[in-house]
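Given below, in the form of structure tokens, are the structures.
There are two complexes below, and they share chain A, which is joined by chain B in the first and by chain C in the second.
== the complex of A and B ==
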């Protein structure tokens, strides 16, 4: 079914005509979508695409290289603050600022990757978690970063205003196209990097780092590289996130956000780029839309409101967000450890061999 | 604040972290699960005591016993309904489940009691102080912490050494499959260790509430410190976690005194540095991994 006969078959981008066809349909749909969507939904889509970038990057680290990371909100924060500060304080145009910030983030990823060379399991979890918290506190305590008051993102100008070539993006729709194009590029890069020598080294480290070292994978280089690449993604996404939100403070990038990123990857399916994309879309939609405003959902919302008035407190219904996300996390590991991608594989297998 | 004061306060806070770290490693030793929900489980149980006192008017000690019983049941509940059904979970899977439990309980607590800070006090006040030696001022709270920590550790040591169930727990920790062959019901032992850990956790959390406030988030930072203390001690040894707790408490208190702004993260930074030098903590034997 999935047998590869030669190397070129392994590295081709679209495995079959069907996949090519549906990918094109999806792309066309994404490019046409803004015509039919309201501003709020465009904002939601922007958020989803930003999270898709983070999830795809995190998937390279967690899914493909097998390292646990609980501190990605730190890189995300570096991306957001770096881009905005470079643009406002140093007056660097948007694209160079975004790229410089992403490289700064990946430098921090490299730094975090150094202890990761020696740590694994729970020890790595606490180290990455500490990194995320440390970044949040450093940002919160330095005047340069706006302290606890937070920062306001400047006007999104993707031209070079210094040379008089201004191209300002005001509407959600124009931001949507910018983020969409960057997201597509980042996803393509992720799909391709997993098919190169580097990607195969990552997978080898995940399956057994000792065996990988024995066959000649340089652990020092590739583990830190995985952290750096993943941080690069989070940095780019953070830079875009700053403009989607418009305003942010250090507590935007708290531990919960790191956890949500991890949940996106796990729910989507570890090690699969397509899975990460669906996971990010699903979790973002649930977290920022459905669960957040659960009292406005037709029937369920009324029942929940009545229930919480009777036994709990009516004003606490916002906490349904956390309860539901917790249940999703527990449920996905118990019932479908491979996530959406695993379910998809099962369905595909069932229909391919039907009626047997 | 004089040096002695910082030392005693740091040690007392460290004892709290050590106690809470015990709750983390008891579970880790029996089932290799890092319980990220430990802090929230303890928080929830403290809220049960709060509820008993505020809404039903029970005295503190009755509420305390009720909250211990609730904590035990909660531990068994979490193990039975959330961890046992997962088949061959990976380390990451286990972490995701426990974080899920953490979000679930935090959400429920916020839903029931609101995000506001509640008034909750334990009989050991932080304000009442005793003068032991000239210059050595000890608060009633610190004395209580030391005594309770001593009692809990003694009970634990005796329990693991002399009781049947304690021996069974040690056997399960050493080798689950061999223990199963010897007729130990390892599933029950795991559930029991969750209950046990939860009870120790709520004891520590009660002591910690005296120094902080009671809201659904209040155990998050102490839990992370306690976890850091456990990691520092190597996640496997009981003396290790107590010493780790002491180190974390002292570092935090002394650095926190020098620059209060950086208090929340100094402990973490130092722990990451220690881990870089000794990757599996200060007191764990570093086993060479089998391929």
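== the complex of A and C ==
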């Protein structure tokens, strides 16, 4: 069935014609989607794609390298602030600004990777947590970053306005295409990196860092590299997020966001790129949309509302948002530890062996 | 039944839920029809700022009451609350969703400066009526589609200082403030009044919003020998500052922001110190326990329609931000249009419900400049020590 016979089969981007076909269908669907979608849905899609980029990057760190990280909101913030400030203060065009910022973020990722060499599990979680919180407060404290009042993103100009080559993106639709293309590139990069020597080193570290070191994987380089790559993704995503939202303040990048990022990865499936994508899409959709509209659903909404008022607080149905998100997580951990990706594998196996 | 079967069975209603939620997208509509007018508000119902979520629910009380009395010229108000958890990206999502999915005629209230700033441009570009953002920040000025109700922080600082200097005769004033735009805006008001009275500010001491140990700040202020301290900060810090000051025997007259005029809450979190020290705050609504027909009506309605709610100042603020919209809709009559409501809002003159006294014109949607000063009585009750007074000083 899935037996691989040589190395080249292992590094193929699309494992089979079926996967290639459906990938193309998905891409075509994504490219024509804006024709049918309302502005609100485009905004939601933009957020989803931004979260996909973060989740894919985080999964390289958490899923593939086995390092816990609770501070990704910090890199996300660096991405947003860096891009906007480079564009407004230094008049750097969008793409260079985004890339420079992503490298700044990955530099911070490298720095954070250094303590990770000696810390594991809960200790590493605390160190990364501290980083995420510190970034939020450092930014809030400095006038350069707009203080606590926050920053307004400039017009998204993806040309080089200094040379008169202006190309301004105003609509949600144009931003959608920009983010879509960047997201596809980032995802392809992630798929590929996991198939190289670097990716295999990451996986080796996850499975046993002592064994990895014994077979010649340099832990210092690869652990910090995993942090840097992951932070690079969060940086790019942050830069895009700044323009999706148009305005942000330091507390936009709070602890909850870091945790939600981690939830996306865990729900999607640790160590799987497809899992991160579905996880990010599902959690964003649930969190931003479905759970907010539950009270509009006939019967179910009324029952939940009554339940919430009776047993939870006066604020009504909104408690349901967090409770349900928590239940989704608990459910996944108990019944499907590999996340959505695990469920997918099971379904696939079932059909491959059908009717036996 | 084994677990997997159970999960599969559970999955079906979940998918059905998705489809039910996601239907019924109307194309851009005016936000009202013959039967209803759609109104929205965002506010933190969960998360760190959840206590302020009462504002959005207070507006619900007003609209429920209006609907119970038969609606406005035959139309019911359909009111949506979106929980944004005090996170601007959630605010933006909620607002866009309401506008795109349901077609919202107007937004009222909206807690949080950052959350409001995130959606300000969007609402403005889409020309959606927005009444009474719950922030006195300067960044909301001069928006033609926003009618403001919460007094500017500049005016607040000025009125508090004016009361301390002119009514109470204090000459030694210090200022303890949250180190952000809120504190900076109010500081200008404090300084303007002192300058007009030929006085100097003894000390202006900043507090970080995350600080939990204010002993050094209190020591600095105590060293100046201040008789009165004007404070602009969040409830937690105000409580800590008061405790710290009392514990070192420093007992000036405290004058705090209108955001802290919920005396029941503040007395509770200071173990009664708020009451025993007689702390004063600015206020832009009549006291919640005042005995006026309108206030009694709302209080009774709250007890009947929302018995689980505490009748507090934030809840009342929700009623306040809804009132002007109801007035305007009533004035316009059955023949509803956006322009008619805009005109009606622009012609509100010297009108007061249970909120501030409001005057708006076509040129100015500024918030009222009148405030009251309250003092917390020995049993946590509200004593009005300065009736409505207008700040006539201009920003430098």
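Everything below uses one rule, namely that the second predicted complex is superposed on the first by the 344 of 356 C-alpha atoms of A that agree within 3 Å, B and C clash if a C-alpha of one lies under 4 Å from a C-alpha of the other, contacts with A are read in each partner's own complex, and residues count from 1 in each chain.
FYI, a contact is a pair of C-beta atoms (placed from the backbone, for glycine too) under 8 Å apart; a residue touches a chain by one contact, two chains touch by 3 or more.
A quick note: this is a predicted structure, and the numbers were derived from the prediction, not measured.
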Taking the superposition on A as described, I'd like to know which of chain B and chain C A:353 touches: first, second, both or neither. neither
Of the partners chain B and chain C, which touch A:16 in the superposed model: first, second, both, neither? neither
Partner chain in contact with A:137 - chain B first, chain C second, else both or neither: both
Examine A:294 and indicate which partner it touches, taking first as chain B and second as chain C; both and neither are also allowed. second
Report for A:319: first if it touches chain B alone, second if chain C alone, otherwise both or neither. both
Do any residues of chain A touch both chain B and chain C, and if so, which are they? 137, 141, 256, 315-316, 318-319, 321-322
Under the touch definition given earlier, write down the residues of chain A that touch chain C in their complex. 38-41, 43-44, 47, 137, 140-141, 147-150, 152, 241, 244-249, 251-252, 254, 256-257, 288-290, 292-294, 296-298, 300, 309, 314-316, 318-319, 321-322, 335
Please output the residues of chain A touching chain B within their complex, sorted ascending. 62, 68, 114-115, 118-123, 125-127, 129-131, 133-134, 137-138, 141, 208, 210-211, 255-256, 259, 262-263, 266, 270, 308, 311-313, 315-330, 332-334, 337
Please output the residues of chain B touching chain A within their complex, sorted ascending. 28, 34, 82, 85-87, 89-97, 99-108, 110-115, 220, 224, 227-228, 231, 235, 261-262, 264-265, 268-269, 271-272, 275-276, 279-281, 289, 291
Using the touch definition from the top, list the residues of chain C that touch chain A in their complex. 3-4, 7, 17-18, 20-22, 25, 45-48, 50, 53, 57, 81-83, 85-90, 92-94, 96-97, 99-101, 113-114, 117-118, 120-122, 137, 139, 179-181, 208-210, 306, 308-310
